[in-house]
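Two complexes come next, and they have one chain in common, subunit A, joined by subunit B in the first and subunit C in the second.
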Partner chain A sequence: MGAWIAFLVIATVLLVGALMVVSARDLVHTVLWLALSLIATAAAYVALHADFLAAAQILLYTGGVVTLMLFAVMLTRRQSGAQVLIDRANGGLRAALLAAALLGLLVTATVRGTPKLVAPTFNVDSTQALGVTFLTRLILPFELLSLLLLAAMVGAIVLARRDGKGVKLARLAPRVVIGQPHDGGEG
Partner chain B sequence: MNEIIAAGPGLSAWLILAGVLFSVGVYGVLSRRNLIAILCSVELMANAVNINLVAFSRFHGDTLGQAFALFGIALTVAEVGVGLAIVMLVYRQRQGIDIDDLHDLLG
Partner chain C sequence: MTFPLFGNPWLHGLVAGLVLVLIVMGVAAYAIWYERKFSALMQNRVGPTEVGPIGLLQPIADGLKMLQKEHLVPTAADRPLFLLAPFLVVVFALSTLAVVPFGDGLIIADLNIGVLFALALASLMLIPVWMAGWASNNKYALLGGMRAVAQSISYEIPMLLTATVPIVLSQSFKLGDIVNAQANLHWFVLWPVGPGAIAFVLFMMTALAEANRIPFDIPEAESELVAGVTVEYTGMHFGMFYLAEYLHTLIASAIATALFLGGWDMGPLGSGPHWMILKTLLVFAGIYWVRWSWLRLRSDQLMELCWRWLVPLSLGLVLLSAMWVVWA
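So, the complex of A and B:
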């Protein structure tokens, strides 16, 4: 009973947050609703006995990703202080139809194909087990992951910095006139 | 009915929740026009996948699923870092980040 109540609360918060992410007009609101969904996901991890993942989720997503995205939103506002509005593209209805079709497919597959599994009731210390898994069975992927994060960090710095090679790379793109007025965008 | 309530949410309940979340993310990716909003929707989809992995991990009693979810989280964070750098680059060149303006590769 309690497990169902927790599940329903988590599911409601998660889905409301997600729906607001895809429908909010103001970009700052979009990012903040995303933060709510990500926190609800962390709660889902707790409900699924994945404590370490919940902590990592909060630290990385709500601490890192959402902050980064807020910075990006602030840096890409054309006039400071102006509200950034997002128009729904013409494809809104088609996108909704496609998403609904995908949802039907996923739910059908889940209802028909999910094996009847009962969660083990014994209390597993999943954090310890996860650490052992990472340092024994998955040691090579684990090290490769740190290489990937390093590459992503260097790549992001090279792409985003203003002087040196970053700008040369940026100048490769043709047909760019700085300050060129363009329609579309804010409305 | 009573057994279902007593047993708590099963694997399929979590999978359906993740499926709905993924579909919402797909809708966001297809319908939003701002690059940052699209990145947010991609985050939702990645989260749905991670919930699936953790749910399977829980119901199989094996932590390998959690390990995969942790890989997924790290990959998504790297993706966001590089993605936002590209967004900044696009903004610097175009003074806007509407995907409708990005049609240089359109034949």
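So, the complex of A and C:
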């Protein structure tokens, strides 16, 4: 009963959040609604006894990705507080097609297999099982992924180099020193 | 209290949570009084004296004053975000209390991922701070918010890594288990000699940075940014930011105590929640000491300290402690 109520609350928050992400007009509001739906996803993980996944979800997505998005919003607009509105006039057809395709996929998946809304029962601590699996059976993919992330990080550094030895693309990006007003204090 | 109160987890969470929140709010209010007295002592002043004996009623008077003040919302502000931010700051700060262990079994929720839960909430804190900065529609507030975000995403990394040291040493994410692994004065700050102590110092530094305390309070540097994100807030809304800062520092001290200082253990002197509380308050007082002794770092120095020193150092510490567990 308790799990059912929890699921209903979490699912409602998640769906409302997701709906607002695509319908809010202010870019900043969109990002914050996204944060809400990501937190709700973490709550859903907790309800399914995947504690570690929930913590990782909040640390990486809400703490990391959303923060970076907020940062990007701040660095790309000129006037403080001016609303950044999203233009939804274009691409409506493409979006509708994508949404229809996704809906089709979901419906097929639901019709083919019975949807499982109950938490699987673990005999062991899911966090421990996750750690052991990563360092034994899945060690190769795990290490490969780390390598991929490392390559991405090196790539980001090369793009952002300031001494001119970096890739030309770096010249196109605005150079911003964190913590210093970069547009002459206009606000 | 690991056994849910009245056998009902919902009721247990509600009652235990409410009691703890009320106590900690009271402690945080008096922490403000204590800091004023402490800083006065350091600077050869007397601090608050007028309201009540030795100024003891000052926090209540301050609270009443804030309640009476008018709430102002700037016309150009983003109203819903502006009003939501102060509440979220307090909620996120208080939620961490759920995993703070006060004694053997005296913990609201001894989660499997206790340490990660606390750190995840700490990383969430910066969203309302940023919201306040953005929604105020004020360039000082926005700059403050921007600095807060830059600082938090950088200092989060060494914070996670240094918190990994006790996790590796005790081989558990549970704060209860971590404290139990330090029983009989085997505190991680003392043993193994070296990594534990350095990790404790680094953890405190990153916790100060996350809580925006001096020497890491560049997001609200009053001499250049007026007051950072709180500049447009009045009355109790400002009060909530102020309170959240103290709550955050208080809870960070409690987490540091559990992670490195043995929590409720005091070796031959026995163990109990009173030791946990005493140690937490000592760490807390240490933070004040730092605050009133040091200067603020410039923001580029702040970033350099984090990326050039704290991140590699904490990575090395994790490696060292893993080697200790495997070979010693």
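Following the convention adopted for this analysis, the second predicted complex is superposed on the first by the 131 of 187 C-alpha atoms of A that agree within 3 Å, B and C clash if a C-alpha of one lies under 4 Å from a C-alpha of the other, contacts with A are read in each partner's own complex, and residues count from 1 in each chain.
As a convention for this text, contacts are C-beta pairs under 8 Å (C-beta built on N, C-alpha and C of every residue); 3 or more make two chains touch, one makes a residue touch a chain.
These numbers come from a predicted model, not from an experiment.
> Once chain A of both complexes is superposed, is A:28 in touch with subunit B (first), subunit C (second), both, or neither?
It touches subunit C, and subunit B stays clear.
> In the superposed model, does subunit B or subunit C contact more residues of subunit A?
Higher number of touched subunit A residues: B.
> Of the two partner chains, subunit B (first) and subunit C (second), which one does A:106 touch, if any: first, second, both, or neither?
Once the two structures are laid over each other on A, A:106 reaches subunit B alone.
> When the two structures are overlaid on chain A, which partner does A:98 contact: first (subunit B), second (subunit C), both, or neither?
First partner only, subunit B.
> May I ask you to decide whether A:68 touches subunit B, subunit C, both, or neither, giving the answer as first, second, both or neither?
both
> Let me test your reading of the model: by the given contact rule, A:55 touches which partner, first (subunit B), second (subunit C), both or neither?
So A:55 only meets subunit C here.
> Once the structures are superposed on A, label A:133 by its partner contacts, choosing first (subunit B), second (subunit C), both or neither.
first
> Once the two structures are fitted together, what part of subunit A is touched by subunit B and by subunit C alike?
52, 56, 64, 68, 71, 126, 178-180, 185
> Report the residues of subunit A in contact with subunit C in the complex, numbered from low to high.
By the definition above, subunit A touches subunit C via 2, 26, 28-29, 32, 35, 39, 51-52, 54-56, 58-59, 62-64, 66-68, 70-71, 74, 80-81, 83, 125-127, 177-181, 185, 187.
> Can you name the residues of subunit A that touch subunit B in the complex?
Those in contact with subunit B are residues 1, 3-4, 7, 11, 14-15, 18-19, 21-22, 27, 30-31, 34, 37-38, 41, 44-45, 48-50, 52-53, 56-57, 60-61, 64-65, 68-69, 71-73, 75-76, 78, 84, 86-89, 91-92, 94-96, 98-100, 102-103, 106-107, 110-111, 114-120, 124, 126, 129-130, 133-134, 137-138, 141, 145, 148-149, 151-153, 155-157, 159-160, 170, 173-176, 178-180, 182, 184-186.
> Which bits of subunit B are touching subunit A when the two form their complex?
Residues 5-17, 19-28, 30-34, 36-37, 39-41, 43-44, 47, 50-51, 54-55, 57-61, 63-64, 66-67, 69-71, 73-82, 84-89, 91-98, 100-101, 104.
> Tell me, which parts of subunit C touch subunit A in their complex?
For subunit C paired with subunit A, touching residues are 9-10, 76-78, 81, 111-113, 116-117, 119-121, 123-124, 126-127, 130-131, 134-139, 142-143, 145-147, 149-150, 152-153, 156, 160, 173, 218, 298-300, 302-303.
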